[in-house]
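Per-chain numbering from 1; labels A, B, C, D and E assigned in written order.
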Amino acid sequence: MKILEAVGVTKSFGGLTAVDNVDFHIEEGEIVSIIGPNGAGKTTFFNLITGVYEPTKGVIKFLDKDIHNLKPYEITSRGISRTFQNIRLFSSMTVFENIMIGQYCKTKANILNVIFKTKNAIKEQEEAREKVEKIIKFLELDSVANEIATSLPYGVQRKVEIGRALATEPKLLLLDEPAAGMNSQEKVEMQALIRKIRDQGYTVLLIEHDMKLVMGISDRVAVLDYGNKIAEGKPHEIQRNERVISAYLGKEVG
Amino acid sequence: MFLEQLSNGIALGSLYALTAVGYTMVYGIIRLINFAHGDIYMMGAFFTYTAIVYFNLPLVPSFIIGMACAALLGVLIAKFAYTPVFKAPKINLFLCAIGMAIFLENFAMLLWGPETQSFPTIIQNQIYTFGGLKFTKLQAVILLISIFLALVLSYIVKKTKIGRAMRCASQDMVAARLMGINTNKIVFITFALGSALGAAAGTLVAMYYKAVYPMMGFSAGLKAFVAAVIGGIGSITGAMFGGLIMGVVESLGAAYISSGYRDAIAFIILIIILLFKPTGLFGKTVKEKV
Amino acid sequence: MLEVKDLDVFYGGIHALKGINFEINEGEIVTLIGSNGAGKTTILNVISGVVKQKNGDVIFQNEKINNLTTEKIVELGIIHVPEGRRIFTALNVEENLLMGAYLRNDKKEIQEDLENVYELFPRLRERRTQMGGTLSGGEQQMLAIGRALMSKPRLLMLDEPSMGLAPIIVQEIYETIEKLNEERNLTVLLVEQNANLALQVAHQAYVIETGEIVLQGTGRELLGDDRVRKAYLGEE
Amino acid sequence: SSGGSENTNASSDGDIVIAHAGPMTGDSAQFGDMKNKAIQLAIDEVNEKGGINGKKVVLLTGDDTSNPKEAPNVAQKFAQDDRVLAVIGHWNSSCTLAARGIYNAAGIPLLADSVNKALTDGTTPTAYRISLTDTTQAQSLAKYAYEKLGKRRAAILYTANDFGTGLMEDFGKAFEELGGEIVATETYFEGQSKDFSPQLTKIKGTNPDLLFIAGYYVETALIAQQSKELGLDVQMLGTEGISSEELIKLGGDAVEGIIFAGFFHPDIEYPGTREFVEAFRERYGKDPDTYAALAYDSAKLILAAIEQNGASREGIMKFLDEVEDFPGVAGPISFDENHDVVRNIVVLTVKDGKIVPAAEQAD
Amino acid sequence: MGNLIDVLIKLSIATVILYFVIKILSKGFDKITDMIVAMDKEKNRKLIYLIVGILLVLPFLLSRYPYILRTSIMAIMYVVLALSLNFVLGFAGQLSMGHAAFYGIGAYVTALLMVNFNVPFLLAFIASAIVAGIFGFLLGVPTLRLKGDYLAITTIGFGEILRLVLVNWVEVTRGPAGIPGIPSPSFFGFTINNNIGYYYIILLLAFFTVFVSNRLLNSRLGQGFIAVRDDEIAAEAMGINSTYLKILAFVLGAAIAGMAGSFFATFVHYVNPDNFTYMESVTILCMVVLGGLGSIPGVILGAIVLTVLPEALRGIALYRYAIYGLLLILMMINRPGGMINMDRLKGGRKDENSRGSRSNKVLRRSYSSR
C-alpha cells in the first residue's frame, strides 16, 4: 500500500525552483533513498512533506489523505516524523527529555489535567516514560541519557534525533543525512540501526550522500538534480545510470 | 492647517530620525537593543552643555568635545558592561543595557542636579518657507544632518570593508574572528560611532528645546527605538524614514484625533506596520533554512 | 612549521585532550582521524585560539602562539574552516567569499582567486547573490572551503570538509587539496571522518581516541594497519 | 551646581525628628530638591539657636520618585518610626493620595502641598494642605482672566496628570459659568512631551484670546517658545506650578508678559519673607520658589507646634487645628474645617526678565 | 560639577562592594542550587513544610514592625507578578515588556467594580483575572508573527497604549487622578482591615501561583514550553502546537498578573495610571532574569531581592537608583544565569570553552529576530 504519494510537487523560492514537478511515492515497509547533488532539492522535498514549506504546486497525500496544507505539528501527529540535516536538538534538555518530547503528541493532558494532576495525566506520563526508556535502550543511549544533548559528539546527537523522531511513533520516518559526520565504522552501525528500525515496522525515507550505505540498504533509490527527478530504481540500476554518474556519483563509484 | 501640521511633523520626525539612526546602527552590529542609547544621548548633551557653560567654549569645539566624550563613554560602556556579557544569552545583554540606562540617568542627576537646565541659545531661529512648509533654521539643520548621517552610515555599513566586518561580527563573532577580524575593535568602533551620533542628536535636540535634563534620554530613547523598528531595525535608511513617519503621524494624530492619545497613535501605527510586515518597512526577512 | 606540545584541555570537568603532541612540516598534509568525540575538533580550536588550553603550547614557526587572539593567529596565515561551516548567513555568497580575503589588500589577485574558487565550485557562481543562510547544506560547505581559500592560507585547517557533500564533489575537493599542496606548497591539517580518503592523501596521520594519540604513521602505513581498518574503515 | 542634599543627618536619641517625603530622583526630582532645601534651612535656623528645649531637630527625607507605588512604602517607613512627629509632603497628588491612609492610621500629621481636592475629603483627618486646591486656584484664575483681563475665548493646554486635569476641568467650568468660551482643550505629558507644535497649531486655528497652560514651568517655557515660533501671539495664563526663576531661564523672551498664579513672591513681603529669601539665596545660590516657600512655612509651623505643645503628633495636630494667621513667609496661615489652608492667590507676571507681582491683583 | 570627584569615589566604592557581595553570594546561590537539585523527594517536602511554616507565622513575628510587614507583602506580591511573567518569558521564551499592563488591568477592573458597583471582592478578583486573561489572549495573537525585539517593542507599545487609555478615558477611569477610596476586601461579612490579613491573602495567591507553575513545569506542557523556547521549528516537527502553547502562556501569565493587580488595588485603596508604567514592566522583567529565568525558586528570590533591596537602600537616598543600575550590570556579568538557575546546573559542563556557538545560537534565536 502506498503510504506516501507526491504528485507534481513544485517549490520555488523567488526565481529559483528548488523542487520541480516531482512525482514520488513510497510503499509501506520500504526503505527508499533520495540522492542527488548538493542543492538538488532533497531537503526541500522533506520540508514539503513535513509542512515546513507549502508546495507552490502539486499534491502530497499521506495514507490517501491530502496533507499539503496542514501545519507541521498536525502532520507529525498523523504519523510522519523526521530528523534534521543540521541537527536541531533542544539545547537545554537532556537526552532523555529530548526524546520525551517526541511523546508530546501521543499524550493528551490539558492545562487543567496538569494542574490537578488527574489520574489519566499521571498514567499517560508513566506510559510515555516507559516508551522512551525502551527507545533509549534500543538506541543504546543509556549511558548518556542524562547528559545535555547538545554537548555530545555529533554522532550521538544524530542518534538522539532519531530517537526523538521514533518517540512520536511515526508510520513514516524521514532521515536527512543521518550518517553525515560519522566514520566508516559508525556508518556501518548506522546502517544496521536503520535496518533494525525498518524491521520494527517503520517505513523509512532517507537522504544520504554515503553511497555504500545507500546502496547497501535501500529497496529503491530516487535521484534529484536541479529539482527534477532524473532517475528512480533499484540501487544497482542507479549505480549504472549514466546521468546519475555524471551529475552525482563521479568516476570512482560508477 | 494641514501643511502647518505637516511641517511640525517633519521637524519632529527629523529629531526622531537623528536619534534612531545611531540606535539602529548599534543594533545592526551587535543585535542589542541598546536601551542606554537614549542616556548616552543625554550625557552627550550634558557634555556639550558643560563645555559651553562651565568652560565657556564656543559652540563648535563644545559640540566636538561632547561627541568625543560620548564616544569615549560608549567605548567604556561596551568594554566594561557589554562585552563581558556577549557570551551569555541575549536577554542578559538586554538587562545589562537597562541597568546601564538606569545608572546613567541617576549618575547625571548626581552630577548636574535633577533640574532642567537651560541650554544657551546659539542659533537664532530664522523661519524659512518651502512650498507651504515652514521651517526654522535649526529644524532645517537637523533634517539635513540626519539625512546626511543616514547616507554616510549606510555607505559605511554597506560598501566599506569595515562595514562588512561589522555585519559579520553581528552574525557570528567566532567565525568573524576566524576571518581575521578583530571583533573587539569592531564592537568598540561601533559603539564609539553610535555614541558620538547619539551625542550629536542629544545636543541638537537640547539646542532645539533649549533644555537639558537627566531624564531627557528616557522617552527619546523609547521613541527612537520605535522609529527604528518601524523602519526595520538594523536598517539605517529605515530608521530615517521610521523617524519621519512617526513624527508626521504623531503630529497629525495629535491634531486630528486627540493630543492625549498622541503617543498611543505612534504605537498603534507601529503595531499595524509590524502585523503586515513583521520586520518593519525596510527590514530584511532572513528566513531560517531548515 | 607547527608544533603542538602536551596539550591539555578541559570542558568543565571533562578532560577532552590529554597531553597531545604532534608536529606538521611545511608542505605536508597531516590528517587527524578518530571516532566521534575523540577531540579532533578541539585540537583545531586550540590551534586557532577559539578554545583555550589548560596546559601545553602551540608553536608556529618557532614562536609560541598560545596567547594570541584568534584574529592574530589568522594574520599569521593559519586558516580554520570550522566544524558546522559557520558561514555568514545574512551575507550573500560573494560577500562571504570576500570576507575570506579580509586581511588582504591586493585587489587584483583577490579577483583572480575569486574566479579560481568559482572555477572549483561552479555551483557557487550560480548562487553568487543568494544569502548564505538559504544555501543547501553542501553548498554551504563549498562556501566555507572557498572562503578559506580566499585568504591565501599558509596552514589550512579543515574540519570534516567532506561532510554532507555529494561524492563527486568530495573527489573534487580532495583533488583540489592535493593540487594546492603540490603547486602552492600549501600545508594542510585535515580532520576527517572519511578515514579512507584522508589517509590516501595524507603524508602523516594520527589517530585520536578519547583525547589521546593512540597511533601515528604515514597515511599509507595507517591504511594498512589492521586496527585502523577495523575501527575506522568499517571492514570486517 | 547642586548634587541634591544628603538624606539623613545622624540623629541620636531624644532628637526631634520631622520628615519630608517627596520626589528626590526621577522626573520631578527638582521639586523635591527645592522643598528639601527649604525645610533644611528652617531646621538649621532653629538648631543654630540651640534647638527646641535644648533638643536638636533632625530631618529625615524619603524619596517617593513621584511614583504612587513607592509613596506608601515611604509612608510606612515613617509611620513605623516612632520618632517621626510629622511629615511634609508628598509633592505629587497621586503620591499623597496613595500614602495618606498610612499616615492617618499611624496618627502622623501630614502637611501636603499637593492640590488634588480629594486629598482633604474628610477620610484622613491627619492630612493638612498648605497650598490651595486646584479648584480654588482655577476659579480665581478664571475670574481674573474674565474680569480683570477681559478675555472671552480661552484655549487650554494641560498636563495629563491629576494637577493639570483638575485645573483644566475647574478652570473650564468657572470660565464658562462667567460667560466665557473654551475654544480648545489639548493635553501633553509632563516630563515626556517636549514638542507641542501640533497642539499649538490646532489652538491657533481656533483663534483664542487667552491660552491657559495648566502645567509646570519646564513645559510652560517650551510652550511659550514654540507658540512664538508658530506665530500664536496670545496672552498666556499659567498656574502656581510655573512660579519659578527657572521659567525665565528656560523660556527667555518668550515668557515675557505671561500672567500666572502664585502663593508666594519675594516682593510681596510678610514678616520674615525677606530674611528667608536672602538666607536661601546665600546658601543655595538661587531664589526660592513657591514650593520652597510653602515647605519652609510647613516646617516653621511644625517647629512652632512642637515648641508650644511639646514633641508629640497629637500636639502638632492640635496646634494646626487651632492656629490662626500664623506668620508665614508666603502669608498668614490658617486651616479651615477641611484642613485646607485659607489664603488667596497672588497674581504674578514676567517683566524684563523678572518675576514681579502683576499690576492688578485678584480680589 | 564640583562634586564630580565625590560622586565618582562613592560610586567606585559601591561598585567594589557590590562586586564582592555578588561574588560571595554567588557561592551561596550555588550551594542552594546544588542543594535543590540534589535533594530527594522526602527532604524536599520537609524543606517546603519548613518554609511554609515560617511564612505562616511571619506576620506575628513582625507585628511590631509594620514597615517590614508591609515590605513583605509587597515582596510577595512581586513574587506573584514575577512568576506570572515567568510563564511568558521563562516558559514560552517570549520577551514581553508590557507585563505591567495586565497587572494594571486587574487593578482597575477591581477598583471600578468595587467602587462603582459595590461588587464583592471575590467576584471582582475573578473578573480581574478573566479580563486580564482576555487581554493576554489579544496580545498573544500578534506574538505568533513577531519575534524577539519586534515582539518586545510591540508589548511595550501595548503597555503604553493601555496606560494612555487609563489616563485619557477620564469618564471611566477618572484619568490621571486615579481612583481613591477602594474598599477593603471582605469575605462572607468578614472584612480585612489590617496588614496581617493582607499578608495572608497575598501569601495564598503566591502559593497558588507557585503550585500552578510547578505542576505546569513538570508536565508535558512544561516540557513543550521548553522545546518551543529552544527551537520552535524542531518543536513543531515533534508535534507541538507552538501557537497554542504561546497563547496559553500569555493568557495564564496575564490572568495571574491580573489577580495580583486586584489585590494591589484593595491593599493600597488607590489606583493611578502611574502605577503601571513601562518602568514597572521592566522591574518585573529584571526580577525574572536576575532570579534565574525559568527557575521557580530563582524567580521567587529575584522578586524578593529586588523589592527589598531598594527599600534597604533608602538610607543612601540619591545613590539608590544609580546603585540599582550597577547591581543589574554586575549581576549580568558575574552571574549570567541568574541567582538560582537549574538549567545551568543541569548543563554543568558549560564554561568558557563551552560549545558556546551552538547553545548561544539557540538562545539568540529565541530572543532576537535572526
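Annotations
We take it that a contact is a pair of C-beta atoms (placed from the backbone, for glycine too) under 8 Å apart; a residue touches a chain by one contact, two chains touch by 3 or more.
The shown structure was predicted, so the numbers you read here are calculated from the model rather than taken from an experiment.
Chains that touch both subunit D and subunit E: B. Steps from subunit A to subunit E, taking the shortest chain of touch contacts, total 1.
Compared with subunit C, the chain whose C-alpha mean position is the greatest distance off is D. In terms of the distance between Cα centroids, subunit B is separated most widely from A.
Per-pair counts of C-beta contacts peak for the chains B-E. Note: centroid distance subunit A to subunit C, computed from Cα atoms, is 29 Å.
Work out the mean CA point of subunit B and of subunit C, and you get 43 Å between them. Per-chain CA centroids place subunit B at a distance of 36 Å from subunit D. Counting partners per residue, subunit E has 1, 3, 7, 167-168, 233, 318, 320-321, 349-350, 352, 354, 357-358, 363, 370 as the residues that reach two or more other chains. Counting partner chains per residue, subunit B has residues 106, 109-112, 172, 174, 260, 263, 286, 288, 290 touching two or more of them. Chain contacts: subunit C has residues 11, 84, 86, 89, 134-135 touching two or more partner chains. Subunit C meets subunit A in the complex at residues 11, 33-37, 84, 123, 127, 130, 134-139, 141-142, 160, 163-169, 171-172, 193-196, 230-235.
Of all the residues in subunit B, the ones that touch subunit E in their complex are 27, 31, 33, 50, 54, 81, 84-85, 87-96, 98-107, 109-112, 172, 174, 222, 225-226, 229, 233, 258, 260-261, 263-264, 267-268, 270-271, 274-275, 278-280, 286, 288, 290. The touching residues of subunit B, counted against subunit D in their complex, run 1, 4-5, 8-9, 11-12, 15, 106, 109-118, 121, 125, 127, 136, 205, 209-211, 213, 215-216, 218-219, 250-255, 259-260, 262-263.
Per the touch definition, subunit A reaches subunit E in the complex via residues 50, 52, 71-73, 76-77, 81-82, 84, 88-94, 97, 100-105, 107, 109, 111, 114-115, 117, 121, 125, 128, 148, 150-151, 164, 168. In the complex of the two chains, the subunit E residues touching subunit A come out as 211-212, 215-216, 219-224, 226-227, 229-231, 233-242, 248, 252, 343, 346-347, 349-350, 354-355, 358-359, 362-363.
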